[in-house]
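To start, I am sharing the structure in question, which I have written as structure tokens.
The chains carry the letters A, B, C and D, assigned in the order they are written, with residues numbered from 1 in each.
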Amino acid sequence: MKTGNQYRKSLKQLAPNLYKWGKPIKDVTRHAATRLHVKAIADCYDAGFDPEHAAIFTGESHLTGKRAHRWNTLMRSADDVVANARIKRAQFQRTGACHGATCAGWTALNALWATTWELDQAEGTDYHRRLENYFRYLEENALATAGALTDAKGDRSLGPAAQSEADQYLHIKEVRDDGIVVRGVKAQICGVAAAHEIVCVPGGGLKEGEEAFAVAFAVPRDVAGLTAVETRRPSDTRDEEEGWDAPRAGGVGQAFLLFDDVFVPNERVFIQGQTRYAGVFINHFTALYRAPIGACVAGQGDVMIGAVLALAEAGGLSQKVFQEKLTRMAINNETTFGLGLGAILQGQAHPSGVWIPDPLLAHINKVQVAMLPYETKRLAQEIGGGITETGCFPSWQDLTSPLYGDKLLTALAAVSDGETRARLARLVEWLTVGGGIPGCLNGGGSPDGARLVVRALEPWKKFATNARRIAGLDQN
Amino acid sequence: MKTGNQYRKSLKQLAPNLYKWGKPIKDVTRHAATRLHVKAIADCYDAGFDPEHAAIFTGESHLTGKRAHRWNTLMRSADDVVANARIKRAQFQRTGACHGATCAGWTALNALWATTWELDQAEGTDYHRRLENYFRYLEENALATAGALTDAKGDRSLGPAAQSEADQYLHIKEVRDDGIVVRGVKAQICGVAAAHEIVCVPGGGLKEGEEAFAVAFAVPRDVAGLTAVETRRPSDTRDEEEGWDAPRAGGVGQAFLLFDDVFVPNERVFIQGQTRYAGVFINHFTALYRAPIGACVAGQGDVMIGAVLALAEAGGLSQKVFQEKLTRMAINNETTFGLGLGAILQGQAHPSGVWIPDPLLAHINKVQVAMLPYETKRLAQEIGGGITETGCFPSWQDLTSPLYGDKLLTALAAVSDGETRARLARLVEWLTVGGGIPGCLNGGGSPDGARLVVRALEPWKKFATNARRIAGLDQN
Amino acid sequence: MKTGNQYRKSLKQLAPNLYKWGKPIKDVTRHAATRLHVKAIADCYDAGFDPEHAAIFTGESHLTGKRAHRWNTLMRSADDVVANARIKRAQFQRTGACHGATCAGWTALNALWATTWELDQAEGTDYHRRLENYFRYLEENALATAGALTDAKGDRSLGPAAQSEADQYLHIKEVRDDGIVVRGVKAQICGVAAAHEIVCVPGGGLKEGEEAFAVAFAVPRDVAGLTAVETRRPSDTRDEEEGWDAPRAGGVGQAFLLFDDVFVPNERVFIQGQTRYAGVFINHFTALYRAPIGACVAGQGDVMIGAVLALAEAGGLSQKVFQEKLTRMAINNETTFGLGLGAILQGQAHPSGVWIPDPLLAHINKVQVAMLPYETKRLAQEIGGGITETGCFPSWQDLTSPLYGDKLLTALAAVSDGETRARLARLVEWLTVGGGIPGCLNGGGSPDGARLVVRALEPWKKFATNARRIAGLDQN
Amino acid sequence: MKTGNQYRKSLKQLAPNLYKWGKPIKDVTRHAATRLHVKAIADCYDAGFDPEHAAIFTGESHLTGKRAHRWNTLMRSADDVVANARIKRAQFQRTGACHGATCAGWTALNALWATTWELDQAEGTDYHRRLENYFRYLEENALATAGALTDAKGDRSLGPAAQSEADQYLHIKEVRDDGIVVRGVKAQICGVAAAHEIVCVPGGGLKEGEEAFAVAFAVPRDVAGLTAVETRRPSDTRDEEEGWDAPRAGGVGQAFLLFDDVFVPNERVFIQGQTRYAGVFINHFTALYRAPIGACVAGQGDVMIGAVLALAEAGGLSQKVFQEKLTRMAINNETTFGLGLGAILQGQAHPSGVWIPDPLLAHINKVQVAMLPYETKRLAQEIGGGITETGCFPSWQDLTSPLYGDKLLTALAAVSDGETRARLARLVEWLTVGGGIPGCLNGGGSPDGARLVVRALEPWKKFATNARRIAGLDQN
């Protein structure tokens, strides 16, 4: 296991293949675009040594039986997946941000655990053993992994093999004796800057003829041939400013990954050409990912509740005035949290040893996290007032201007001073229309995709048969 | 254990203290107002012998270790409470109705199990032993129990002791050496006609000076001095008609209970005067009741989905036309179901041995079951069309009229014949604006009561402290 | 103009071709199934003589310039259509029910006014003159007209000409020199029992080959060959009971109309075979009908607000406790009302002289009236408590039982006596799950039909072009 | 009347008392923080000469009878207020932004027209004549006016006179023979940078003892003693960047106004000390402002529809896939638009000549514009996908990087090229979580304030009386 500082040190040793604003990011632990997400992940590492949080931020290794960072272990029981959920919620409560570099990669590896087991059973291959070795490597080195699913996709009405440009989907360009060469673009990958490793997996089901796209593997983040471009977020230039217009506590980052003939040795390849298992993987992944996602969204909402409560209080308003709205916010948060727990409880152990939550309830949760938080955000802005809705508040530079800053701060003071109100208002802005928006709607796949799963899994015919019987038809 | 027929026979032996329309109900197994609910409970009894359902409709007795009807056993684990939830959902899917006489009474006894344990620990009394004996009696005789919480209440701005008429709340009128004499009115009690026993418990928290109302006990349904009046439901006279305007598969019943100096022997008294334990009981009861309630509402929704699917098909319309609405219905159903499971999973074992679900999530679920089903019903009526919204369809008497019935049935035939469409349309009417409405909004207490619990349990201050830290305040 | 009593007398003179429960209704002014709707319409007639209401319940005749019952006049201005809206809302506020027999028929005639004008312009026919004469006849005799659109429809995946049974749609069976013979079934026609005349019009657009179904005409309600079957509604047998379990103030009725070779003289035929004008009619009708429909639904909601306020007060609860819910109910009501007014204001005068509201806003209103009232009803039931949700309250027979009625009424008394609470609870039940449900979801056509119109009328391409320009594309 | 260029030129002549980032803005027509809002207002000026738009962007002067920019005229009829609504919607459709500097100031002057008329009638003062002269001045010079209502407010639990710092509310510091001296802070004032004049009015009702705060007046934007600080908005630094990450078509701006002993000559003072008329003004203003506000929000939504349609098309997806979501977006937009028209139609002419929309419907509209757009935005992001939700897309600098820009743009190309998709995705980001958010929730006052008005204006008692009568009570 690593402390936060050991983790930071290890990141500095990676080669600088990350860019933003067209320029390289030399040190992810210090660059304004990445330091906050690194800080959030460093907090996750430190939490493993903190008695209050160690029980959820660490777990027992399925390989060595030792205590390990939880994101280096297999989730073997409902309790293990609940711990995943708890990390998500705790991480937001602690830092106001998500734990990207210890989230999707971890989940992808767990889903691959079941997928490779099935694949080996059916095909006599040995991907599962490779994955076990890779898991061992991660645990031994206490590494953070980003998970890369989404491809650039190009024309969305066409499949990967039909695109005009092959690079719109990550694919195998060449098969060598000792490994494969891959190229193409993965888009909007969370946590890249704070990860040591990238776990690449298919972003959707595949069919015959799309073998080149059926590929899962892991590479170091700074592998030769990979260029990562950090994306923009709303108000992200504030992270480079002095002052308080952006909170400094936590952050998230997403990147586009350009694979330009990257070599992956066989030992790190986990699916290679078996199109059928792209779908198997996606099923396992989405069940595992979308059950705890409600806890992630609940954590976001917890911060919104806290921020508007603190802001209202700073403005001289009592909690009572807003209690109905606050209660509604809590109902939304706890609904996605509790529904996710239900999905986990309804799950079952896969023969490979990983616990797979109930897919129907997991996808129901995905639909809810794409809707309920919008009401929560609206209520946050309604409680917070106009300055939180559009951020229309003077900048830090103005509030500290020698010419008129004092007058502004005096006028803005209430029960608390002007700075306190400014900081809290900016936090609500950041959470609802700023860089802190964590992406619950489309993150981890679209709600319409989840609705299709609901359609596929709900026993419609059985319900119709029941209804006919209850109506007095079809009973003889 | 009893079969459905043995259960029916045992009910016939009770004295006829039930009334509807101002007249006594002589045989609850045959009277139009009660026979359907009795049938639903008889189905529950039979399910204990049905291999497909026995695992959930029966459980292991905590007293004897024998297999028993589940409503005669203690819920000792998350799995036991999940089985409660599954009974609810299965019962709706099988019969279109709730399992009243095996629902609230059972839950009340489980909540009393924890309450009397605490009470005895604190006060040195022996209520818990009495309850254990009573549980044994129920198991030995395989009895169904209605649970009576809600009092008539009178002026709702006043407490029980301040009412102009003492009988507006059930209370202890006299304490004798061998027992107590109680009187007063319990209102809207579900399942009375199909129960052997009535378990009376406080309907809300109590304070000093309200000792007479702090009373929990059990009596046979036909105890001397008790008069039960079955209430009306929408379209309930259809149950007395010939034809198909009311489905015959399942039903629910509620009664007002008039206690007119009913004697209860000490051995059947479980709380007597300890006002503090009214609140303790309510907390245990609502957590246990409101976690599985989502499964009850999901089961209702399952029947609505089935009914509109069958109706649309009978009218020549494909499922595809309505898929978005059906998916939304399923999302609502599964959300309350899954959220309830989450509440159960988050629960913990009480020292007395009963499993108490997480109260925060249980009450969140209560709020959701008071809202989501209304959208589900609306969608059912939108898919079903005008005849399901207001029932405006010719009566069975008209559809079978020698004068014009044929013409009507011919005009109404589509892919299916007119009778099929009539039966299914009437089923949707019954489920959404008829006698089949199960009462998810106010049943088991008001959603505003649940919102108050949410307000009490959500860690507001902790959230505000977190927010201040994230905003860069309060951190030194 | 007629008084309510004159109107009643005129109805008695019609031949008894109405049935319910398989039996003829001899006197619609006295039969339990029809007397309340007749009473509601009689109230409309009387309102024309009541200084407070005459301004909206009467209007200036476009033919004679005289004051006439408004439902006998042409709507020639936005103000005239607003008066239509006001009648709807006032009628609910006054009687708790809709004004069926003075609603859809009137609107159909106004839509025919524009349709026949266009038809005659294009085809050189003289339908418009016939309609003018018919309007004159209605005004001279102060008649009420039901409007019959919806056909029985049969297999909904097939058009009228493709049905296995021709009678599933009303159609021209034979053309004679002096008129036409029609047969088939119209379904769920509102206000038949209280109308003197039935105005039959197409229920949807038609295409080539469906000429037989392109027919509009008017017949006396008791024309030879017509049988009308009154439909059931939830809890409709209560209307036949003694006591207070059903309110007596207003009512609605719907009927199935069996046309069995009914002869219609040419002078009363307004469309005959011109399929294109079925669609023209539908467009005019829905714009005219769905703009004021929001006022109808607002009136329903006004009664719900009043009922729960009165009930809460009777139970000792202050308005303040429920203010947020009441305000939300009012917002829903006023939204549909105000949106309808907006549709009217946005309308324009048709060359024939009738005012046609804006179809886009009118159909938007239709969608809203299919959704918002469900929240209003849910809130009514939440404020009203359990007895209003499922009606589970003792019957009038039980509350007046010599054996135990007093005990019940005493227990139910609060600030008001038990009867007051019973009556008000039953009113909420009646409004939300009883016979008083007016059918806002599917009445006047399905919301999905309205959504299709929105899809057709919204300028999508223009919006996309604007967006491209704003984004800096397509501008050179 | 002025052209856009004449308007720009006139703005340049104002003294530079505006600041952002702690630095003065020397030329509002060129500075990145203000030029886009100036451009939007210049478009309004030009529209007066554009045959397609002149009918709504200009009106007939109530003083001179001449054609004038509409924001320099009195709204004397429903049609005049509808034109206000149409300007709002057209302005969004044309520029993607609001018309701040021709919006609230204009509305405030119209509300003052009625207020001063009443005040003069009651008190014998001559404020109305002063206002008429001021109106004449505006028309003659074709000026744009910002309207300043909201004070800084300080401790929101205290009134203006009870604040620790007097400057938290704008107030009269000194009364001189020839005028008054005012000081204090107005917050979040829209359109300041693009206005020639500032119209200051009370932000809420006032009571006895608060005379100093009862003040309405107009000053030039560059009056001596006034400092205006432009606020930040989400992602506002993008407006200073090269490239396409911010759209250039339109913009909005808000400022804090620091009045530091500003002298206002008597002729420009319209209320001075009459606390009662602060409330009168607020009532007139909110009715006038909140009726057309639905058109403003509809216009915002029109742009969102267009942007996601164009984006989906650029990605190879057909409109059909998203039609249900698009239709729902249109329903939301048209509901607020149509409801606002209804409020206008229901209004009435004030004796002073100004048309005052119905306050109940206007405030209902305010509540809806605070809710519906959030669903519209959510749907926009759901259709647009992940890149529109959090903006996580490479920056313009990255997409044009010589090192890897080509690879990115190739991967992002679909039916359209990468730049097209980037621009449209950024537009959706800008509209939903970026600088383009127009502030519909709290803009023009809080929805809770509007709910209070609904509570005050809805005839609750009348509804309860009706209900009792319908229930058969209180009728004798």
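The rule is short, and it goes like this: a contact is a pair of C-beta atoms (placed from the backbone, for glycine too) under 8 Å apart; a residue touches a chain by one contact, two chains touch by 3 or more.
Keep in mind that this is a model prediction, so the values were computed, not measured.
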item: Most widely separated chain from chain D, with each centre as the mean of CA atoms; value: B
item: Chain B-chain C separation of Cα centroids, rounded to whole Å; value: 38
item: Length of the line joining the C-alpha centres of chain B and chain D, rounded to whole Å; value: 52
item: Interchain centroid distance [CA atoms averaged], chain C/chain D, Å; value: 40
item: Residue list for chain A, restricted to those that touch at least two other chains; value: 324
item: Chain pairs in mutual contact under the definition given at the outset; value: A-B, A-D, B-C, C-D
item: Residues of chain C defined as touching chain B within the complex; value: 19-23, 150, 152-158, 164-165, 167-168, 184-185, 187-188, 227, 229, 231-238, 245, 254, 256, 258, 260, 315-318, 370-371, 374-375, 377-378, 381-382, 385-387, 389-395, 397-398, 400-401, 403-405, 407-408, 410-415, 429, 432-434, 437-439, 441-443, 446-448
item: Of all residues in chain B, those that touch chain A in their complex; value: 78, 82, 93-96, 244, 247-250, 302-303, 305-307, 309-310, 313, 319, 323-324, 326-327, 330-331, 334-335, 337-346, 358, 360-361, 364-365, 367-368, 420, 423-424, 426-427, 451, 454-455, 458, 460, 462-473
